[in-house]
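Take a look at the structures below.
Below, chain A partners chain B and then partners chain C, in two separate complexes.
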Partner chain A sequence: METNQHSYNFSEQFDFSGKPKTWSLIAILIGVIAIVYGFVFNGSERTFANLLLMSYYLACVCAAGTCFLAIQYVTQSGWSAGMIRVPQAFSSVLPIASLILLGICVAGLFSHNLYHHWYGEGLVDPESPNFDPLISGKSGYLNAPGFLLREVVLMGAYSFFAVMLAKFSYNEDLEGGMNSYKKSFKYSTFFLVIFGFTSPLWIFDTIMSLEAHWFSTMFGWYNFAALWVSGLCAITLTIILLKKAGYMSWINENHLHDMGKLIYGFSIFWCYVWFAQFMLIWYANMPEETVYFYKRWEPEYKPWFWLNIIINFVAPILILVNRSWVRNPKVLAGVCIMLLLGHWLDYYLMIMPGTVEENRGFGLTEIGMAVGFAGLFAFLMLNRLSKHSLAPQNHPFIEESLHHQI
Partner chain B sequence: MSTIKYILGSFGDPDEMMHGIDKLQENNIAIYDVFTPMPIHGIEAKLGVPPSRLPIVAFLCGLLGFTLGFSLLYYTMVYDWPMNIGGKPAFAMPNFVPVTFEVTILITALGMVSVFFFRNHLFPGRAPRVMDFRATNDRFVIAIDAQENTDHTKIESLLKEAGAIDVLHNERKYVSYE
Partner chain C sequence: MSSHNESIIREPLVTGENITYAKVTDDILVSVENKPNKAWWIGFIVAALGALLWVVSVSYTFWTGIGAWGLNKTVGWAWDITTFVWWVGIGHAGTLISAVLLLFRQNWRNSINRSAEAMTIFAVICAATYVVAHMGRPWLAYWIFPIPNQFGSLWVNFNSPLVWDAFAISTYFTVSLVFWYVGLLPDIATIRDRAIGLRRRIYSILSFGWNGSVKTWQRFEIVCLILAGIATPLVLSVHTIVSMDFATSVIPGWHTTIFPPYFVAGAIFSGFAMVQTLLLVARKVLGLENYITMFHIESMNKIILVTGSIVGIAYLTEFFIAYYSGSEYEQYTFINRFVGPYWWAGLLMYGCNVLMTQFMWFKKVRTNIALSWIFSIVVNIGMWFERFVIIVTSLHRDYLPSSWAMFYPTIVDVGIFIGSIGLFFTMFLLFLRVLPPVAIAEVKLLLKTQSFEAKKKLIQEGHQHAEEIEYYTASLKKYDVLTESDIKELVK
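Here is the complex of A and B:
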C-alpha cells in the first residue's frame, strides 16, 4: 500500500498564545489567591488537605498519561498513534507534578497538617501518654524517613520513564526508523511492571496513610481506577478542545468513540473496585475496618458519598452506552468534565475525613485551588504540547491510525 | 426463466472489488452479499447493511440473567431459608449485587454466543455453507441474485470491467452442502 495518501499537515504545531495562555495564567492567579485566602481564613489544615488533593490529582492525571502511552506501546496499538502527542505532553509534566506533590507531602508532614494520624509526638514511644500501639506496630514501615524515601524513589522512577517515553517519540520525529519505537516498547514494559506493582505503595503512603489506623488492600486498585478514568477524561477533553480550535484534523469520531469506550469500561471498573472494597467491609463488619465508612456516613459526608457513585458510575454508564452520544464530541466533552469533577469529589471523600474530619468545608478555598491547579496543568501541558508537532509523523502505525474505523 | 441463481464476481484485490460495487450500484443492480477473507473498512456503509441487532439480544439476555440471579438469591436467602449472617437482615441488598451481577454477565454472554451461532448456522455438526470457497482464502467475492437482475451479460461485463478475475454463473446458491 502506498503511504502518505492523506492531505493532513502532520508538522502543524499547537500555538500556545492568546486565550488559552491568558486563561490558564488567570486560573493560576486565582489558585494562588485561594491558597493565601485558605491559610488566612480557613486554617492551615484545610488548606493543606486541599493542596494535597489537588497536587495528588495533578500527579495522577500526568501518571495516567504515561500509563496510556506505555499501554499503547506495549500493545503495539495503531488506532491511537495519531493522538499520542497529548498523553506525551501529560507525561512530560509528571516530573514537575511529582515535585509539587513531594513538596506538599514534606511540608504537610513536618508541619503536622497532614499525616498526623501516624506522625506525631510520642505516638511510637511506649513511655509517652500519646503512645498508640497500632501505629507503633506499623512504624517499621510507616515512619517519616521511609515515607519520604518511598515518595522520592517511586515518583522519581515514574518521572524518569515519563520523560524517556516522551523523549524517544520526539527523537523519532527527527530520525525516523524503528529504533525509537523499539526503545519505547522496552521502556514501556518496564514502566508498566514497575508502576503496576509499586503504585499501590505510592497510593497507600500518599492517601491511605492519612487514616493510618485503617487499611484496605483494595485501596491501591481503587485509586488506580480513579487515576486512570480521570486521566482518560483529561486526554479526551484535551483532544476535543484541540479539535475545536482547528487542530488534529486526522482525529475523528472513531478515535473519540474508542476513548469513550475506555472511559465507559473503566467507570464500571472504578465502581467494581469501589464496591468490592465497600461490600467486604460492610459484610464483615469489623470495627477497625468499618471506621472508614462510618466517618463517611456521618451527616456531613453522607450525601457526597452517594453523589460520588451517581456521578462517577451511574451517569457515565447511562450516557455513554448510546453509540451516537459517545460519537458526539459535545456529549463526550460534557461527560469528561462531569467525571473530572466527579473524581475530584472522589479524592475529596478519601482525603477530608482523614484530615479535617467533621470540620469539612466547601467554599472559595476548594473551588479556587481546583481552578488554580487546573490552570497550572493546562499551562504546563499546553506549553509542552506547543514545542513539538501534533502528530508523531514517523510513528510506524500513524497510517493505521488514520484509517481507524469502528 | 434462466436456471442461474447467483452470479459471483471474484476479485483478487479489495480496491477493485470496491470499485465493482460502485459500478453495480451506479447501474442500479442490487447486490445480494459480499464475501471477503478480511474485514474491509467502510463496506457496511457502502452496502447499506443495517447495524447488528445483537445488542438487543444482549439487553434481553441481561434482563433475563438479572431476574434469574435475583430470584435465585431471593428464594434461597429470604424466602426458603433465611439465615442470620453477621447480624445482617436476610434481605440485604449489597450482598445480592455480586451474584446478580455475575449471573447477568453469564446469561448475557451465553445468550449472545448462542444467538450468534444460531443466526449464522454455526452450530456443531452443521456443514458450513459458503457461496465461494476462495472467499475464505484470497478472493473478494460479490454475489448478485440472478433471478432478480436478469441482464446477465451486462452484470458480467460490469464485473470484468471493474477487474474481476472470474465471473461464475451458479445454479446452486451454496457450493458446500456436502
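Here is the complex of A and C:
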C-alpha cells in the first residue's frame, strides 16, 4: 500500500530448522514408540481409542484454522489480517490430517476396535443372537459404506476449501489487487455454509456413534465449541511462540488481547453447551439418555468428569477476566496450553467410555501419543508456514491490523 | 475500531452532502422537536385502538378467568405461551445490537441501536403482560417470588424452569432498561440544551445532570462496556431458560438438548426481523436515509440469513436425531408436524423460517427495501408459527390417543395477541415523539472517518489503490440515496 508508513519487514519468512524441527521430530518418534508400546502392552482397543482421539483432535484444530479464516473474511475483519498466515498454515494441514483420521476410522472399524457398538457380527440380523433392534433401526444411516462415504466426502470438501483459502492469500502476495480477496470471500461463505450444515453429521459419525445407542442433538455444536476453543488456543500459542522467536513484530498485545477475549468468550460458550446438554438430560432423567452420563459418573471417570469443567471453564474464566493478564503473553500462553490439555481431556471423556469402558487407562500410551501427534502437527504446520512470508502484505485490511488498538 | 487507518473498501455508514454535527442533531430530532405529522397520527390511532383491544381482552380474561381462552385438558398451554415466547424472542435483537455488537466493535450498530433497544424494552413489556395474564389471579403475582409464607404463598419451587424464567426475564428487563437509559443520557442532554421552559426542565431532570465533560464521557464509555459485558450472558440466558420451560419436560418435540442455543438463534432471528420492520418504515417517514443506510439494511438481512440458517441446522438436526434415536414418539411428533391436522402451521414454520430466508442469499433481495420489509414480516409470521408448532402439535396428540384433541383459539386469545401488537406500536410511536430514534452522539463519532464525505476526501487525497477504489465505488451502487453522479464524482 502506498500509505504504508511502517518499518516492518513484510517479506520475513519463518525459518524451519534447528530446535523446532529437531523437537518436533523427536516428538513424532516418541509418538511412534508410544503406538508400538500401546499395541504391545495395552491392547489394540485402547491404542485405537487413543489414535482416534489424537487424529480427531488434529483434524479439529486444522479445521478450526479454516473456520477462523473463513469467519475473518465473511465478517470483513481487519484486526486479524496481520496474523492470518498462522491459521492458513493450520488450514493447509487439514488434507493430511483428514487422511490420517480416515485411515484410523477405516482400520478401527474393520478391526472392530472402534464403532463396534453398531458394526459387528449379526447386530442387524434378526436371526442372529447378537441382534440389536435399536441398532438395526438406524442401520439405514449407520452402516459401514455410508459411514465411510460420508467421512470421505465431508472431509474431502472441508480440505478442498481449507487449501483454496490458503492458496488465494498466497496468490494475493504475488498479484495484489482485490481479486484474491473477492474469491476468498466467496469461498469462505460456501465453506461456512457447508461446514455449518454438515459438521454435526461428521461429528455424530466420528465420535457420537462410538456409543451408537445414545443420541443428543447438541452433540454437534458441543464438539464445535471444543474445536473452536482449542483451535483459537493453538493459533494464539503459535503466534506467541513465533513472536518469542523474533518473528511477526507487527502483532502486539492488542491482537493477543483480542484472541484472549475470544478464548474467554468461547470457553463460556463451550460450558454453556456442555451444561445445556448435561442439565437437560439429567433433569428429564430418561434412561436412554442418562446412560451416557451414568457411565461418566462411574468411579473410573467421575473425577475426570468434574476436572473437565474446572480446567475448561472455571480456570480460564478466572484468569482471563483480568485485563493485564490477558495482555501478558506468558499468562496467555499458559492458559492456551492448559486449554489444549483441557480439551484433550474433553475428547478423552467423549471417546473412552464408549471404547475401553471401565478399563480406562492413563499412562505412557496416552501421553506418548499426545506428544507424538502434537509433534506431527507442529512439523507439518511449521513446514507449511515456512513456505511463505509471515505477513499477507497485499491484504486490503493489513493497514487496519497494524494500527489495531483496544 | 474505526481509526484514520480504516481501509477504503469499507462502505460508508453515513451518507449525504454537508453533514455536520449540527445537521446530525437537526435531522434526528425532527420527530422530537416538531408537531407530529399525519402519518404519525394515523399510525398512533390505529395502534392505540389495538392497545384498547388489549385492555378489553385482558380485562375480560381477568374477570372471567383463563377459561376465556381456547385451552382444554389436553392442550393446556397454547396461544398464550406461543405469543409470550414470540415477544421475548423479538426482544433479543436489541440487546444483541447494543451489547454484543458493541463488544465486537461493530460501528454500524451506532445508528440502529437506539430504536432496537427501545423495541426490546417494549417487546419484553408485552411478554411480561402475558406472564401476568397467565396467572389467572394477577393480584397474587408476587407469589412467583420467594417470600415468607405469611404472605399466603408456599415457598416457590426452584426446580421449576418457570421460576427461573421469572428471574431471568426481570433481570434482563432491568439491565436492558438501564443500558438503554444510560445510552440515552448524552442525547437527552442534547434535547435539553435546545429546549426552553418546562420542556427544558423535564429533560434536564431526565439527563441526570449530564455536562459533557471529558470525565463524564469517560465514565459513560466504561459503564457502556460493563453493561454490555453483563447484558451479553443475559441475552443468552433468557431464551435459554425459555427453551428450558419446554426442554426439561419429557414431551416429544420438546425434550431435546439442542433447544437452548437453537432458541437463542431463533430469538435473534425474529428480533432482527422486527427491527427491520420498524426501521425500514421509520427511516422513510422520519427521513433518516443518510444514517440508516443500505449498508445497515443489508447487514441486518445478513444476520437474518445467518441466524435463520442456524435455526435451519437445528431443525434438520432434530429431524435427524428423531430418526437416529429410534424413539417412535419423537418420530411420530415430527411426522405429525407435516401430515397431522396442523400441517399448515408446520408448513408456515419451515417455509417462512428456512425456505424463504434462503432468498437472502441474493444481493438483489438483501438490498431491495420493499422485499426486505416483506421478508421481515414473513420471518415474524414464521417464528410465531414455530412456537405454535412446537407447543401445540406436541401437546395435542399426547401419549394416550383417547385424550387427543385440537386447539382452537377464542376471540379473547386473538384479541390479546392483536392487542399486544397494538400496545407495542403505541409505545414505539410515543418513543419516537419524546426521545431521539437514533443515537445522536454515537452517529457523530462516525462522521470524520466513516462517512461518505470522509471517504471522498480520502480518495481525493490520492494514496489509495485504484482497484480498492473501484471495489469501493462498486459497493456504493446499492445505496438508494446516492446517485450515479455522486459516485462518478468520486473517481474524477
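Remarks
As a convention for this text, the second predicted complex is superposed on the first by the 404 of 406 C-alpha atoms of A that agree within 3 Å, B and C clash if a C-alpha of one lies under 4 Å from a C-alpha of the other, contacts with A are read in each partner's own complex, and residues count from 1 in each chain.
Note that a contact is a pair of C-beta atoms (placed from the backbone, for glycine too) under 8 Å apart; a residue touches a chain by one contact, two chains touch by 3 or more.
This is a predicted model, so every value here is computed, not measured.
For the composite obtained by overlaying on chain A, chain B and chain C cannot both be accommodated without a clash. Once chain A of one complex is fitted onto chain A of the other, the partner contacts of A:160 are absent, as it touches neither chain B nor chain C.
Shared-chain residue A:8: touches no atom of chain B or chain C. In the superposed model, A:39 makes contact with neither chain B nor chain C.
Touching more residues of chain A than its counterpart among chain B and chain C is C. Legend: residue contacts after superposition of the two complexes on their common chain; A:304 is shown touching neither chain B nor chain C. By the document's definition of touching, of the two partners only chain C reaches A:137; chain B does not.
After overlaying the two complexes on the shared chain, residue contacts for A:325 are found with neither chain B nor chain C. Legend: residue contacts after superposition of the two complexes on their common chain; A:405 is shown touching both chain B and chain C. Contacts of A:283 after superposition on the shared chain: both chain B and chain C are touched.
Once both structures are placed on chain A, chain A residues 279, 283-284, 403, 405 are touched by chain B and, in the other complex, by chain C.
Looking at the complex, you find that chain A touches chain B at residues 275, 278-279, 282-285, 403, 405. Against chain C, the residues of chain A that register as touching in their complex are 1-3, 76, 78, 134, 137-138, 141-142, 176-178, 182, 193, 196-197, 200-201, 204, 215-221, 268, 272-273, 276-277, 279-281, 283-284, 286, 288, 396-397, 399-400, 402-406. For chain B in complex with chain A, the touching residues are 41-42, 85-88, 94-95, 97-98. Within the complex formed with chain A, the residues of chain C that make contact are 1, 3, 5-7, 9-10, 105, 233, 236, 240, 244, 247-250, 255-261, 309-310, 312-314, 316-318, 320-321, 323-327, 463-465, 467-468, 470-471.
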